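Per-chain residue numbering starts at 1, and chain names A, B and C are given in the order in which the chains are listed.
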Amino acid sequence: MTDLSERQQLSYIAGQAADARLNVELETEGMTLNIGPQHPATHGTLRIIVRLDGEQVVWAEPSCGYMHRGYEKLTEVRTYPQVTTLVNRIDWLGSFANEVPFILAAEKLMEIEAPPRAQWIRTILFELSRIANISLFLGDLGVQLGAVTPAFFAFRDREHVLNLIESVTGGRFHPNFDRIGGLKDDLPKGFVDETRRVMRKMRTYCDEIDDLLIGNEIFQARTRGVGIIPKDVALQYGLSGANLRASGVDWDLRRDQVVPMAWDDVDFKVWTHPDGDSFARCWVRLQETREATKIVDQLLDGLPAGPVMAKVPRIIKVPAGEAWVSTENPLGEMGYYVVSKGDLGPFRVKIRSASFNNISVAPWVLRGVYVPDVITILASLYFILGDIDR
Amino acid sequence: MSVAIEIPYWGQSLLRVLGGIVAVLLPAGTIVYVFLFKMMSFMQSRLGPMEAGPYGSMQLFAEVGKWMQKEDTAPAAADHRIFKMAPLIVLLSTFLLVAVVPFGPDAWLTNFETGVFYGLAVSSISVLGILVAGWSSANKYSLLGGLRAAGQLIAYELPLVLAAIGVVIQAGSMRMQDIVVAQNAGSIFGWDGVGNPYLLTQGVGFLVFMIAVQAELTQPPFDMPIAESELVSGYMTEYSGFRFLIFFIAEFATVGVFSLIASVLFLGGWGVPFAWFGWEGIDDVDNWMNVVGPLIMVNKMLVLSFLIMWVRFSFPRFREDQLQRFAWKVLIPVALANIVVTAILKVAV
Amino acid sequence: MTDTTEAEPQALPGDGLREGLVDELRRRLGEALVATELRPNDDLWVRIDTASWREAGEALAAMGFEYFCYLSAIDWMPSPYGRGEDDPTEPPPERTTEVVQGVTGGATRFQLLARVTDTRRHVGITLKSDVPDDDPTMPSWSAVYAGANWHERETHEMFGIGFAGHPDLRNMYLPTEFEGYPLRKDFPLLARMVKPWPGIVDVEPMPADEAVPTESPDVEHAETDSTAVAAAAAAEPDTSEPGDAST
């Protein structure tokens, strides 16, 4: 622990020194490097402007907006059921999880609640999106660090999870399955058995990643002590999800807030890590994937019978009011502040997406690190461009 | 030496040139198809190319054809003459390198007195090619890649040389042919069942040599000069078409050639243990070894390049400073200790 | 090495806790706490006086609300373009643009909206504050919550609200030379302005809407062919929404 923080101090001092060198007459010639918007490591179109002294970063500044689609404006001209189609595309790897908080907010304003079976299926699909999302993160992590093989394992096994999502919703990437008052449809036949089989497979996948990547000495040398974000900084920047828990904050919205979902009925562990470095973030995510498979298994055991749709009017008018609902999405806290004026569509929707806050810490944490660590840190912070730009 | 068929000098020269080209391109093609396309695919639970030819065996030609068709572009700000020359310099070093590898008792390209010395010297010519490629591309990623390559290749040249010195001490010669003979005619403490492959008696040296080769070849976990996720493609970023193809061929041809050199230094080269056939020295070796020898070499080459590729597909990448620390603080001291122990044993035994 | 916690179902952060928070906030801020609204078992809204926005942030940070969730704004003026579904060939209908504020009230067109959370006590607060109409500038939170930096930049470019004391109010998303503030309600959504919204054109009546029996063109064409009519009638139940079954 102590020598890790010393290393962070050293890199900070080095950054200061690089700054100082730029200011004195004997300056070494710095170099401004644009990482992105077209770059293999930005998975999307994020651009990071880094000022380099040799290979050391003097300052770094992410530049967003290459994928800004103006969803907050678009929601104002859509009806409530139409908005789910938009929000599907925010974090496109865990699409279903984006729909849920918005639907919950609308339901809260309408003062209705989905039937228990719908809540459970929602939670199952939510956790399946989490598994699909984070398993790809774990594979992609290898590619960012130069190991190509884990990515293929990730794509291989994520395929099964996507098949499950497809079998329920008909869509692999953008299900658009959640409805105000419940779900579009019930589970298909054979879903429960197939899901159990896939969950076993995903646990094997996690073990494989644990062996091949997380446990690898080179991986640990690359990530331990790199990009340490202390607790108070993480909180101040509003980091959420695994990034926050990797900094030692025991905060998981699934456990710590009450929403009409089935998380209260299952038993799961919230993993935290005291180090706050890149390794901790990867490790917490790996444990979360394992935990999510267990959650799904438990939910399948206790799946209640009944309808999947509450009684809702055909044309949905949401009463005037304001509601905030956030859930623990794969990337972190995803929330919607919905303002309604009793209309067919929302008056204003503030979309609080996790990656926007998660990546806003980048200028702070990238200072003084080396170019390879820039990639490690960005990979471990785990952002999705649609989730930053919205 | 007893060559049954007398070949005129020009014929021998022609054969050697052709042999050199085959010795570079054949391993490159084999490694790309067998390891890069197929073995990597199976390790990653996919099939790899399947469309071109049976099991995708013609994929290599398709790839080459694709690259040949592509436009040969260069950045406007590039130093054009050097930019175009750089891949050739890299490939040149591979061709120069294969010249010292013996494939049989008479099937050699050149038979230098100082073969090991020459081989290790020309292998560093590729650094020049990479460095000028990085510099002349007028691209920041290329520049970073070129500089990283220079630092890395120079750092790992040293353990490479030091590991080879152990072999040279034990064989008592720098001639590659003599090293092969010394291994196959030798014995381990009087037991000559398998000769004396230096893999067994120079195990530490072999380990250091292979790690250094991995770094010299800029294969993962030592691929910082290319580092796809950091530097896009390092010094190769701006290259396209057949110039990229030349880099690509050079990369895998060098894998093959370094595997050949390693198999000469540590695995007994083209030879079989001489005791099996009752041969005393190189003059007794039968002529058929000129045909079987190259086959043996290819097999050893494939085994070693399999190891190189296996590591390549499995490990993440080191960071630049960790790589340097590993070279200077681990590999070089180990190699030096190996030399000292070898020398003491050589004198004592 | 790792510190893990059992997932025990936590007690609902009671409304008593929220009332206590209001009391403490009132003690710290005094008159600057203009209005509060507590929705039982749900959330707490407070409205802060414009001048004390920054002090409110500091007070909350000191009260343990360390986790910065988001900061944004609301334009309370209804859009003069409605939902962008007007026919561009017709003169635009009259629409009220009267500003009506939501929860906790207010006096201005723009309101700042922010949320902070106490991760130890498991409670969050939504804050609002009026933004002066004549000079839309607010004190910046970037020194209180480092994460507010980007959120204020976003709010600045989307609503045109300035933040005094912000280090760097460059645009986040839009080009530097972009004119206008997209999330203001009077900023037209051009895609909807240039061409009628297709969704309004091809609305079909719900099958269950028997009050308006409509004959579809298909049926008219098929009058001569009785089997096609039967097929169309048979196909009709499939077009109903799955949700209908439960209604």
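The criterion applied here is as follows: a residue touches a chain if its C-beta (ideal position, glycine included) is under 8 Å from a C-beta of that chain, and two chains touch if they have at least 3 such contacts.
Note that the structure is a prediction, hence the values are computed from the model and not measured.
A.B. asks: Any idea which two chains share the most contacting C-beta pairs?
C.D. replies: Answer by contact count: the chains A-C.
A.B. asks: Quick one: most central chain, C-alpha centroids?
C.D. replies: A
A.B. asks: I'd like to verify one number: the distance from the centre of chain A to the centre of chain B, where each centre is the average of its C-alpha atoms, in whole angstrom.
C.D. replies: 44
A.B. asks: At what distance in angstrom does the C-alpha mean of chain C lie from that of chain A?
C.D. replies: About 21 Å separates the centre of chain A from that of chain C.
A.B. asks: Need the CA-centroid distance for the pair chain B / chain C, whole Å please.
C.D. replies: The separation of the two C-alpha centroids amounts to 63 Å.
A.B. asks: Which residues belonging to chain B are in contact with no fewer than two other chains?
C.D. replies: none
A.B. asks: Applying the document's contact rule, which stretches of chain A touch chain B when the two form their complex?
C.D. replies: It comes out as residues 31, 33, 39-41, 55, 142-149, 152-153, 156, 212-213, 216, 218-219, 221-222, 370-375, 379.
A.B. asks: Quick check on the complex: what are the chain A residues that touch chain C?
C.D. replies: Checking each residue of chain A against chain C gives 64-65, 68, 70, 72-74, 76-78, 108, 179, 181-182, 184-185, 232-233, 235-238, 244, 248-252, 255-258, 264, 267-274, 307-312, 314, 320-324, 326, 333, 335, 337, 339, 341, 344-345, 347-348, 350, 352, 356-357, 360-361, 364, 389.
A.B. asks: For a test of understanding, state which residues of chain C touch chain A in their complex under the given definition.
C.D. replies: Interface residues on chain C, with respect to chain A: 1-7, 9-10, 12, 41-43, 45, 66-70, 72, 74-75, 78-79, 83-85, 100, 102-103, 113, 115, 119, 122, 124, 126, 145-147, 149-150, 158, 171-174, 182-183, 185, 187, 189, 192, 197, 206, 208, 242-247.
A.B. asks: Mind listing the chain B positions that touch chain A in their complex?
C.D. replies: Of all residues in chain B, those touching chain A are 40, 43-46, 140-141, 144, 220-221, 223-224, 227-232, 313-322.
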